[in-house]
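Please find the structures below.
Two complexes, one shared chain (chain A), two partners (chain B, chain C).
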Partner chain A sequence: MKKNKDKKQRGENNKLANFMAAAMAIPAVASSISQAQGPPEHSSIRLQYSDYQDYQSNQDRISIKSPMLWVDTAIAERTEFEGSIVLDSISGASPLYLDTVSGASGTGIDDNRKAANGLITQYFEDFSLGIGGVFSTEDDYKSRGLNIETSIWTPSKNTTFNFGISANRDDITSSNNAEIDESRTTLNFLAGISQILNSRSLIQTNFTYSGGNGYFSDPYKLNDNRPQSRDLGAILTQYILYFPAEDFSLHVDYRFTHDSWGLNSNMFEFSIYKPLAKKWLVRPSLRYYTQSNADFFQYSYPPRNLNQFYSADQRLASFGGLTTSFMVQRDLSQGFSVDFELGFIQQRSDFRPGGGSDNISPFYARFFTVGLTKTF
Partner chain B sequence: MHLFNFNFKALGGLNNLQFYCDNSFNAENIKTKIIESVNEVEVKFSRYLTDSIVSKINLKAGQDEAIEVDQETSALIDYAEMCHEQSEGLFDITSGVLRKAWNFSRPELPSQQLIEELLANIGWDKVEWEKPFFRLKQKGMEIDFGGFGKEYAVDKATDLAQKLGIKHGLINFGGDVRAIGSHFDGKPWTIGIAHPRNKYSLATSFTINQGAIASSGDYERFIEIDGKRYCHILNPKTGWPVQDMQSVSVFSESCLVAGTAATIAMLFGEIKGKKFLKDLGLKSYRINYSGKTFRD
Partner chain C sequence: MKIISIILLSLFFAGCSEVKPWEKGDLARSHMLTNPNPANSQFNQHMYQSKEGAFGGYGISSGGCGCN
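Moving on to the complex of A and B:
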């Protein structure tokens, strides 16, 4: 009796097995049930041109023109490839750090930079693993890096944990001084969490730590002498809030950094993403930035003590900055979309609460980006 | 996250698409892609369109030339064959020709002679299926994916929606439903089951936060003569409608499985249908001939 019952049970189990096996042999049905995170359904390719121009005291300084190609596609059922190639043309002099000494502003820079990066991500049931590389090369600077990253999500996918580790090696020379042949290595760590809070908002926080050893000085600046190590910690929090009745999203970002050179920075950014008339998207944005100077920053030349660290590089001074930008995107037919962004940067001592470094001239920059994206 | 709600016509009826998305720009994009995917299914498998693989096969019925089908069609034919075996021959995609006897627009019974003529061209045994080559051995035979095309389109649309990033949504194509996650706040979706005799009310409702519900019933297309109902669910061996059940609703992860199981349960009738669903381990809600309801 028992034998017959077992046989019958096995027969019944076979019926369900047969049914489900036949259904699961249909690709779309099986895929719809597995419900896993995965590579993008559609491939994207983007062509972008960026143009940056900065100026101080009514003199043109750095100008950067960057065409870029970017691709994001599934290369296997659970594998994604993302990569980009950038060709920068850089020309001009670096920012003035003094008004009073002429001829010490460094020679003009005219350089071409080629950079490329790629990331391959493999998706599993509950997590993904990515390996990537980056390299960039210009006349006097070569950089190579390798990174490994992983994302782990909860079954509901409302919470995602992100971890990453990367290493970079930079080689620095100088077209002015053939004796300079230096390098530095940096190790970076990232740990972050992304959380969907409720039906209208999500928040994401990332902690990063970077430890670098080697040559950090700027070979084009006279007597620039920076420590042989730089440890940097940062926390970046991004909050997105959606307003359903008015149909727009507000993005609020805050980032705090602190490094072993004594430089702290705070950055607030507010952006609004607003769709218009079905095919348009506009994004006004405002960023406010403050920075406290590196311990060894000294605005004047010559350095007080040649045996100590010194830099008059304005980028290590205390100042505040305001960036305003506006982006507009339009969806076209056949999977194309075109976008344009225009932005202005202004950095001044008096933009910082409590004031910034004395004697640094206001710094201005404008940038625009035009891009074309195709989704297959 | 906002709940977007779209209605559109396709697959011979009204369809509804609901999903949570962060802005209308993306929502429009997603809706367009899903409707495109539904249209692709229709164009590929519709009996009415001459370019469909179904029409290509039907055109060559009775000829020596077999039609080569692609992987998707092949898997669906295998599935239909499995359903034929599991239903003891009652689920048969060659039975579509019976529409020539039953068109449900006039309250007239067909002649038995016409039914016999049509039955001669029905039967999976008259099909030559050697993957990937398919051939209907007799002239006058037809295959029809109408019995599961809509349910398959639901699964396919669900797959696409998930790949496009939708984590909370609900798809309903002509009454075949599939949930993607719950409502954004975690609450399940409430699905009403149509009342088989009163089109303005519900028989009952269920809550689901994933998976599919599909229903088959004797009230979708029918004629009534002398108080007796003749519906569109036809037994391919007799050529006559089934009369044992008013409706069957089945729950499964896949809408294709739910829909075909519901149809087969209708074809089997009350006792055998109950056993069939129980053997498969599928939950269902059934209403028999006299309106009695069963839930398991």
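Moving on to the complex of A and C:
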């Protein structure tokens, strides 16, 4: 910190120094594509367990148990590594009588998914360059991807430009139809700006584009026949505002998507992060999502025309979804912190302004995540 | 409508003054990140991608989804 004879400036610097010391005591985990101009000063390792259960028409559907190990650390003076390993256990029945594999007849889904990702970022004076990979495998689906990303910031570090490109290759088979042996490749692009607006607020906007070619159909759904390509564009804006008198931050996210299947979506997410009593942080959150249906979505069987694209997959219907969630975090000694998030999702046709697809059943899910983070 | 948009945008970016390093104390708080908990976000975004028709915006390395 620059030595400054001005008394007021010294006072300001002391306030900042004291504050930075306090801020460092709270495990700070920086994102890989926002706001960081150097590797983390402190390494973090996190053990996380997430649990998901959904319901429809008063029956348990899919249940997922997902432990994860996550790491973020400097591996050299100007180099960062961030990575995770996930081991999902998936069981239950997919919604609808239109599945060829159905829990109702006793043959449900019982699958394990292993996934890993890693990103190495090298920091230079005015920019950073990252290279990463992702790998995921389960009985009927394997995915591999490579990504390159760069961030460029102005000398004041108030503006950061983010760019990324990635390629994925997915291989799809079916656990009840050995003839299905398909693949698809996807190319993704990201361009974004992160701007500090003033001492209390910042805004970040990302444009992403995903162009996929290959097999998109669901082999477990009868006559599911989707186009062999999908182009999807998204624009996500995230705004953060800090309220110093009340000591909380408000996060407002908005995302719009549009794709070549005719499906558009809007998403709003509001979160408040409120520290309490020095060691606690609480975070209530509300997420509202609406989508319009894919052109070829038809919620009935059989397909009106077998020569055209068709899917009765409710995820391609028109509907609105609301998630309410609450997260609480507590700092412990020795650099540990523990957090717990609980959330509830409801998707309904009438949650969409103007209504959604007819006859789709309301869908409910609950999820929770518990995590233990150690910062060195 | 056009004039209102220009006025609103001007007011919005008027708050966009050059922020000095010593003014960034509040911005350094751990919850002032767009992604304060990447591991938690990774699970949540995978969950939404599995249950909704759209995705995107958050990052470049989301990977595929074999979601049935």
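Assume the second predicted complex is superposed on the first by the 328 of 376 C-alpha atoms of A that agree within 3 Å, B and C clash if a C-alpha of one lies under 4 Å from a C-alpha of the other, contacts with A are read in each partner's own complex, and residues count from 1 in each chain.
The definition used in the following text is that a contact is a pair of C-beta atoms (placed from the backbone, for glycine too) under 8 Å apart; a residue touches a chain by one contact, two chains touch by 3 or more.
From a predicted model like this one, the values you see are computed outputs, not experimental measurements.
By the document's definition of touching, of the two partners only chain B reaches A:Gly38; chain C does not.
Contact with chain B, but none with chain C, is seen for A:Lys278 once the two complexes are overlaid on the shared chain.
By the touch criterion defined above, A:Ala312 reaches neither chain B nor chain C. Applying the stated contact rule after C-alpha superposition, one finds that A:Ser66 touches chain C and leaves chain B untouched.
With both structures placed on the common chain, the touch criterion links A:Asp331 to chain B but leaves chain C unconnected. In the superposition on chain A, contact is made by A:Pro244 with both chain B and chain C.
Applying the stated contact rule after C-alpha superposition, one finds that A:Asn198 touches each of chain B and chain C. Here chain B and chain C are compared by how many residues of chain A each touches, and C touches more.
Once chain A of one complex is fitted onto chain A of the other, the partner contacts of A:Ile360 are absent, as it touches neither chain B nor chain C. In the superposition on chain A, the residues of chain A contacting both chain B and chain C are 12, 15-16, 19-20, 23, 26-29, 31-33, 35, 156, 198-200, 240, 242, 244, 249, 273, 275, 281. Of all the residues in chain C, the ones that touch chain A in their complex are 15-19, 22-40, 42-44, 47-48, 51-68.
Chain contact summary for the complex, chain A toward chain C: residues 9, 12-13, 15-16, 19-20, 23, 26-35, 46, 48, 50, 52, 54, 66, 68, 70, 72, 82, 84, 86, 94, 109, 113, 115, 117, 119, 132, 134, 136, 138, 140-141, 143, 145, 147, 149, 156, 158, 164-166, 168, 170, 172, 186, 188-190, 194-202, 204, 206, 208, 210, 218, 220, 232-236, 238, 240, 242, 244, 249, 251, 255, 257, 259, 263-265, 267, 273, 275, 281, 283, 289, 291, 293-294, 315-317, 321, 327, 339, 341, 345, 347, 363, 365, 367, 369, 371.
For chain A in complex with chain B, the touching residues are 12, 15-16, 18-20, 22-23, 25-29, 31-33, 35, 38, 40-41, 156-157, 198-200, 240, 242, 244, 247-249, 273, 275, 278-281, 331. Of all the residues in chain B, the ones that touch chain A in their complex are 1-2, 20, 22-25, 28-29, 71-72, 75-76, 78-79, 82-83, 85-86, 152, 155-156, 158-160, 162-164, 167, 178, 181, 184-185, 253-254, 256-257, 261, 279-281.
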